[in-house]
Each structure stands twice: as C-alpha cells, then as structure tokens.
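Read from first to last, the chains carry the letters A, B, C and D; within each, the first residue is number 1.
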Amino acid sequence: MRIGLVGLGRMGQGMGARLLSGGHELLVYNRTAGKSGDLEKAGAMVAATVAAACKDREIVISMVADDAALNEVAAGIQASLPNDAVHVSMGTHSAGAIKALAAAHAEKGQAFVAAPVLGRPDAAAAGQLVIVAAGAPAALKKCEPAFSLMGRKTVEAAATPESALAIKLANNFVLGCAIETMAEAFSLVRKYGVNPQVFYEVMTEGLFAAPAYKVYGKLMADASFDKPGFTTRLGLKDIKLALAAAELVNVPLPSGSVVRDRLVGAIAHGDGDKDWAVLAREQARACGLE
Amino acid sequence: MRIGLVGLGRMGQGMGARLLSGGHELLVYNRTAGKSGDLEKAGAMVAATVAAACKDREIVISMVADDAALNEVAAGIQASLPNDAVHVSMGTHSAGAIKALAAAHAEKGQAFVAAPVLGRPDAAAAGQLVIVAAGAPAALKKCEPAFSLMGRKTVEAAATPESALAIKLANNFVLGCAIETMAEAFSLVRKYGVNPQVFYEVMTEGLFAAPAYKVYGKLMADASFDKPGFTTRLGLKDIKLALAAAELVNVPLPSGSVVRDRLVGAIAHGDGDKDWAVLAREQARACGLE
Amino acid sequence: MRIGLVGLGRMGQGMGARLLSGGHELLVYNRTAGKSGDLEKAGAMVAATVAAACKDREIVISMVADDAALNEVAAGIQASLPNDAVHVSMGTHSAGAIKALAAAHAEKGQAFVAAPVLGRPDAAAAGQLVIVAAGAPAALKKCEPAFSLMGRKTVEAAATPESALAIKLANNFVLGCAIETMAEAFSLVRKYGVNPQVFYEVMTEGLFAAPAYKVYGKLMADASFDKPGFTTRLGLKDIKLALAAAELVNVPLPSGSVVRDRLVGAIAHGDGDKDWAVLAREQARACGLE
Amino acid sequence: MRIGLVGLGRMGQGMGARLLSGGHELLVYNRTAGKSGDLEKAGAMVAATVAAACKDREIVISMVADDAALNEVAAGIQASLPNDAVHVSMGTHSAGAIKALAAAHAEKGQAFVAAPVLGRPDAAAAGQLVIVAAGAPAALKKCEPAFSLMGRKTVEAAATPESALAIKLANNFVLGCAIETMAEAFSLVRKYGVNPQVFYEVMTEGLFAAPAYKVYGKLMADASFDKPGFTTRLGLKDIKLALAAAELVNVPLPSGSVVRDRLVGAIAHGDGDKDWAVLAREQARACGLE
C-alpha cells in the first residue's frame, strides 16, 4: 500500500519501520526536520509538507503528541487527502478533538479512523502495540494490513471515532487511579512501621499481580522517581483528557478528581518531571511522612 | 502442639481441619453451638466455654467475624490463657481493637500475635492462605508449625500486632479502589457506545491482567451482581476499617473516601446485599445510565 | 418545676444558672466533683449520684461531652427516672447513640427528648441558645418552661429524637465545609499574590456576609490559629458525627469526606490542637505555599 | 472621558448607561447588531467595528461572555487601541486567557487592566457593582472615573491582571461549594424526616445568615429550580474556570472537584438548564430520595 506517515516521534518511527518491513511504500513527514534519517535508510521517502505526504496515498497516518499538533497537521491532511484514502489518527487525543475532526472529514466526504494505541515505543518498534480502532467498516478494512504490522492485536471500539479514544483514555484513567491508590496504601502501612517492600510483595503476589502494580508499586517501594517512564505532568495531561472525555458525555469521575488533585499537588511541590509514581511521595507529604 | 481454636465459621473450620491434618491436638469452641460436627469427626475435642478452650493450650487461635465478637472472646482468653501460651487473632479487625488487645495481653504478661489472612474459605480448607503476622519473635516462632499448615506463606509485618492489620486492610483498600475505578471506567466507555466486554478485554489483557480486575471486571461487564462473593455492606465495613486504621495514624485516604461514599449510595439504592461490583451500577446511576 | 441536671461543664453551668433564675428547683450532679460551687451559691442542691439527681424530678437534663459519657449517665437515669418524668439529652451526640437511647427509654415506658443546642457557653449563660428539640409532643410540652429560660428559641425537628441531632450535626457539617472551602479559596488567591485581607473583604461584604465566614475567614486572613475557639480535633469529631449520622440513613456526603481528609492531614502535621481554621495552613501545605 | 464599550449584553448595557449618566462620551459596539437602541437613545454613538469603537478613546471596555468572545474582540482592540489608552476587560474569563492577553498588550506597549465585577445586571444598571481591578497603577488611575460610576466600590487585587480574576473566580468557587454543601445537608436532614424549611431557618438565622445561603437555601427548601437565576451549565463553567485558575498556579481544590462532579451528574440527569440549586436534587438522587 501507499502510506503516508505524519509525525516521527519515537512512536512514529517505530511504526514507520514496521510498515516498511511489510513492503509498503512509505512517505513520511515531520513538522521539525531531522527525524527521518533512520526511516530513509530503511526505504522511506520524505515529504516536505503535509500536503506532499498525502500525495497518492491510500492511508495517511498521523501520530502526533497532542491536540494542537493534530489540529495543525489535520488541516493539511483535510486539504490534500486523495479521494478514497483514509486518514488514521493514532495519537492520544481528546475525545472532543477527535469528534470535531471526524465531523470535519465527514463534511468533506473523507474517510477517517481513530486508532489510538496501547504500548510504549519499544512495543511500537516490535509491532506489538494494541490498536483500538473506530471508524466506518470500509475504512477500518482498508487499514487492516497496516494495523497488523504495527500491532499484535486490533480491538474495535464502537461506531464513532471518539469511542476509540474513550477506551484508550479509560485505560489510562484506571492506571492513574491505581497509582494513586497504591500511594495511599503505602503511606498507610508505612505509618505502622511496615517495610514497603513487604507490602509490595503481598499486593503483587495476590489480587494485584499485574504490570500496573508491579511496575509502579516497585518504584514506590524503592522510592525511585528520578528516571521517569512517564512524568507527573504527562500523567496530569492524561487524567485531564479522561475527565474531559467523561464530561463530554456527562460522566462524573470522582476517583479521577482525586488523582487530578494529587498530581497538581505533586507539581506544586516540584515533582512535575518525576515519574508519576511520585504520587507516593505526595501522599506521604499529605500525612506528614516527608 | 496443643491448639485451641475459637470461632468455627467457614474460615475457622477450614483452618481447624488443616491443623488436625498436621497431627495437632485441637480443642475447639464456637459461641453458637452446632458448628463443630465436621471437626469432631476429624478428631477435634469440643470445649463448652472459651475458658475451657484455653486449657493446657500452647496456642489459642481466635477467628471471629468482627470487633464485637473479638472483644467478647478475648476477655475469656485473657482470663484463661496458660503462661507461655500465645493468643493468635487471625480475623480481620480494626487496627484500634488489635492495638487495645495487644496492650491488654501485654499488661498480663501474655503473648499475643495478630495474624490476619488473605484468602477465602476454599483457600483456608486447602492450606493456601497468605498469613500476615506480627508479634514478638518468640511468639511468632511458636506459631510457625500452625501457620505452615494453614497457609502457603507467612509474611511478617512490623513490630506491633496492629501492623499486620494495616497490611491486610491496605490490601482490601486497594481492592475497593480498583472496583470503584473500574465502575467509573465502564460508565465512561458505555456512554461512548462501547460494549463493556470489549473494554474488559483491553483492560485485563494489558496493564491490569490480575485477579482483582479479571474477577470484578467480569462481573461488571456481565452486570452480574446477584450472587455475591462479597457484599456491598461487607465492602463498606472493610473500607471503613481501612479509613479508621488510617485515621489512627493520621493518614488521609481520599480515594477511600470516594469508595465509601459510593458504597453508601449503593446501599441507599437497595444494593447492599449485592456483590460489591454493583458499584458499576451505582456509578451508572450517577451518570444517568440507569 | 423540679429539675435534675447531669453534667456541669461550661454549657451545663450556664444552663443551670438560667434554670435557677427562673425559680426552678435544681438538683445537680457531675461525674467529677468540684464543679457545682457556683450553682450551689445560686441555690442548687447537689446530688451524689445520677440516681440521686433523678429523685422526684419532673425533668432530668443531661449535658455531657460525648457518647461514652452519655451512655454512662443514661444507664443511671434509666434506672431512676420517676414515672412521668422526661429525660432531656442536650449534648451533641451521634444520631446512633440517641436512637439507641430513645429505644431504651421507650422500652421502659419513659419519656425522652433530644434537644441539642446551637451556641457557645456565653450564649448558654445568657439564655440565648437555639434549642433543636424532638420527642413526643407531651414530653416536649413539659420541657417548654425550661427551654424558654435556656434558649432564645426552640425549633422542633421531626418525629424521632435523633432528627434533632440530624439538624445540629448538619449545621456543624455546613460550617466545616465552609471552613475547608475558604481554606481552598485563600490558597488560590494567595498564589496570585493577593493579600488575604483583600479577599476576606470581598467575600464577607458580599454573598458571604455571615458569622461563619467573618469569624473563620478572619482567622485565616490573619493566620491566627493558636487561640482555638474550636480545635481541629473537635472539628474532626463533629465531621465524623455528621458522616456517621448520614451513613445511618445511607446518605453519602462527598464534601464532608474532603473536610475529614483535610482535618486528618492537619492533625498529621501537628495542628490538632489549633483552631480548625488551620485548615487554611493545611491547604497551603498541599499546594506548596508552606 | 472618551470611552469605548465592546459588548452590549445585559451587563454591558447597564454599565454603558451609567457611564453616559456621568457625562462621558460613549462609543459602543456589539458583535451582533440590534442591542444598542437604549444606549443610543441615552446618547451613545455606535461603532460598526471593534476598530471603530477604539477610535480616539481613552478607555476601551470589553464586557463579553467568554474567552472565545474576548479573544475575538481583543484582537481588534490590540490592533486599534490609541497610544496611552487602556483596554479594560470586565468580563469573567479564565486566568490563563487574561494572562495571555496581558502579555499581548504588554508586547505592544499597551495598557491593560482586568476588572471583573461582582453583581448581577440590576447592580450594573444601578452602579452598584463591586469591581475587582488589577493592572499598572497609572492605568488603574485612568479608569477611576469610569469605575466610580459603574460600581459602589473598587477593590485592587495584586500586581498582575490575572490576580483580579483569581479573586472573582475564588468568590464564585466559594459559592459553588456552599451550594453543594447545602445540598448535602438538606439530604441528610430530609432522611431524618425533617421539613427542609425548618433546617433552612436554623441555618440562615445563625452562622449562615448571608445572601448565598438565604437565596440558594430557599430554592432548595422550596425545591424551586425551574426559574434559573444561574444555570447548572453556567455553574459548571464557573467551577471549571476556578479549577483551571488553580491548576495554573498548582493549587488542588478538592472541594471544587466534588462540586464539579455533582454538576456533571446534574447535567447527565437533564438538569443542565435548571438553577444550579438543583444540586439539591442531584444529591437527593445520590441517596435514593428521588
């Protein structure tokens, strides 16, 4: 297939490499130059503009960092997307932005799929992402060959593109809440003199033997927050996206509000660029432990 | 060893059978009669009073339902515990009650161990509990043969008996929060038209591939709340025990407060005797889904 | 009338003096001796026991500090209350304790009125309390002459004695929430460089021109927490009474949970014996201002 | 003075009439036509564009509904504001928008004052607003004659224009929290059978004898939500502005989060266009009363 790829961050580069490995013709574009070297070596062509990256494409994938970047590149894609081609937005965006973008594409008679992913850059490079996709059946079908190279699994959300974001954001929300919950639990046992490693073991050997608890619980037990896998600020961004997606459909998320408040507090105390497991420290402050 | 066992509910019966299987001499007592038949067949002797159940014992285990029951039987145990014997409280109690009981035993020069357990009655019957224990080293050592029959693992908490409760209650607290969090997440995706089973799959195949999410998430995805594994009322009792344990050492638990409020609401709506996964329905009500 | 008065704290002494000023025959009792001097000078007789304080009385008023004290004196009152006499509990107690006490009196065919008061000791001494009363109409009628001396106004709650507590505790709850809300608001404006006195003035000259905001807002604007009118610990006790009264009838109080958590945090930071306006400092800590 | 006024809603019209009454030369503009009739009769000139409304002005006042409207008119004002003239933004906007606008004006060397107001349209028409102002001293001084006609009082916030918004939004925040708190309190007493009017009286005669409680408490006691003074949706907008202003300076507002969640729930239940006192009904739903 002839595929365009807009956005060459770490995720985009991994995804692009996978697409090339499948023999697809890849045309890439990034808003800031100098990111395309590795993909060029692997056979990608480079476009100088978003419009150029859409030329003759069957699919144009956008993988950018936030709503502002999406709105910027999407304007170009809307202007240049060939008839019958599909724009596939794979970044993590607000449900509102995706809903608006879907409407804009629909107005032009263009096909649009939202397909946010679960997984870090290493999963992207290995083609092991979980892709949560939503859009018109024909458009989804057209994306299948690309999805099967980038992900180990594709999950169909519901009828509207924003429903894919709802799943992605809800999953992130559950993670944020699990982190806050662990933070509270660790502070409780610490006040009783319990070694955090002991509680970590009890928790993760039993009901909570899952990556979310093992990874973030370990960081808390070790008080290791300085090499962030995901920062407090990004955590706040994600929780706010979940709260906004919920508000759009009139859903209160009281647990999310608690997490939001704690993340704001952590940033107030200078921990914005730490790993968001630092909520354990923020909670410790709240009960006089630090 | 000569062991006394006070409290023959489903947990106590399973634990007693394991102790008999190890060749120990077991003397049992229950506040209401008629619960000892199976254990008698397996070789247990029956005491008519708490005092009698303490006679000549090296260890007296209490396994009762709540603080009120504990305080009742503990008065008898304090009065009749032989010198050098250990009282081992294995029920889930408030940290405050255990702290007070520890002080009462200490005043009489009696050894006391708190050893709440993780696991349901089937785990008790199979000797597969996780036992969280705290007390003086010599007392803990004396309990080892009994613990090794009842549990697959013994975890030492910290110096004070109540520290064992802190771990147990913190673990329950994390569970309650996970249930509330899932309830909120399901309502969010449902409002976007997503089939709950789809979200269940995404969540439990990834970061949350653990029993807590698989068990309770499934109940929510299936809207199956009528055969309670653990009721809303019991959930509220557990969360309140965690909040009280936290308050005793001046720890705010904002996520716990959210869970508490939702459980109270669920009871208000008539769901007190449903499985506490019914928080999914309570959250659905809060956003107009039901 | 022949009136018994059990409980001679600052409130009880003020109330007793008012009853004597109305020409009633007053028989007083206090659990710890040495509190009755002023009332004796004003004409009161002193009873050596609760039972003695009930002798030949038409009304026996109890005004004690907490549920434990109430349960202790109430046992004596139940045993000795003359036929046709009324026990009037005027302290601030849990709805649950009052409900249980009402049932106990009813079982003995004794009349019982709950009549908690709004107002500090100076209002009690001046007969300016607001009395919130609930009980059987005949019993309330019998109390009228006493109420009219002690209070400037009597408000009838609803049918059950505990309904009077619901009003009293709800009013305290609204106060706790107002204090927390102001604490949050002050931290917000302070972060923008606003002098707290300026915000105090805006707030209390407009929508919030009421004692709750003027008194506690001023303490916050002045950061004056060391001469407590009401301590953080007592505030926590009151909020917990409100939460418990709400839970008894299945009412979630999410704002109350927020206040509870902050009060616990303030105690954790050593502010338990400060005026509960110190929530302003606790909130300031939570956002890195202190 | 030569004054421009952009925005002729009910607030703007009242303010414009006051300025004319003081003998000032007023040039008005509204984005949608047909709003200027009354002011023309009173002597105002009408401008066809924002640029025209700035011509030869000493002060240009903008009084528009939200950030989007502000950004639209502010672009025109920045382009056309005479040297030495002052742009005074008097609407309720986000702290972030005002901060950005202040920076934009500063870059052009233009004077800018933020001066949000407390008071409804009737207060505007009567010149009885409270004006909260912030900006450079010289600019504030220039606005004085206009402020003294429009308001009964001008309060100076702090150094930055956005500090004025912080005060305005914090005051609204306190109101939203008071409404939620009352909603919770009413549900509590109702469950005990108390007539809401009785609780209303106790509350508003004592610690809470202030407009916020009298006005909104009455609506709740009467269950009168259908003639909104201020709707649930607008309430949510205001609380979100407060939360956003707080987040900008890293302040968690847990009470605000509770209000936000309840407002979202009320909208979910179809009460978005009711008076926001309808939170009483939303809370009643949450505890099974409706």
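Couple of notes before you dig in:
Please note the rule applied: a residue touches a chain if its C-beta (ideal position, glycine included) is under 8 Å from a C-beta of that chain, and two chains touch if they have at least 3 such contacts.
Predicted, not measured: the structure shown is a model, and the values here were computed from it.
For the pairs A-D and B-D, the count of C-beta pairs in contact is higher at A-D.
The most distant chain from chain D is B, comparing centres defined as mean Cα coordinates. One simple way to say how far apart two chains are is to compare their mean CA positions; for chain A and chain D this gives 37 Å.
Centres computed as Cα averages put chain B at a distance of 53 Å from chain D.
For chain A, the set of residues that touch two or more other chains comprises 246, 250-254, 258, 261-262, 264-265, 268, 286-288. Chain C meets chain A in the complex at residues 254, 264-265, 268-270, 285-288.
Residues 95, 118, 130, 132, 153, 155-160, 162-163, 166-167, 169-171, 173-175, 177-178, 180-182, 184-189, 191-195, 198-199, 201-203, 205-213, 242, 245-246, 249-256, 258, 261-262, 286-288 of chain B are the ones that touch chain A when the two sit in their complex. Note for the complex: chain D touches chain A at residues 246-247, 250-254, 257-258, 260-262, 264-265, 267-268.
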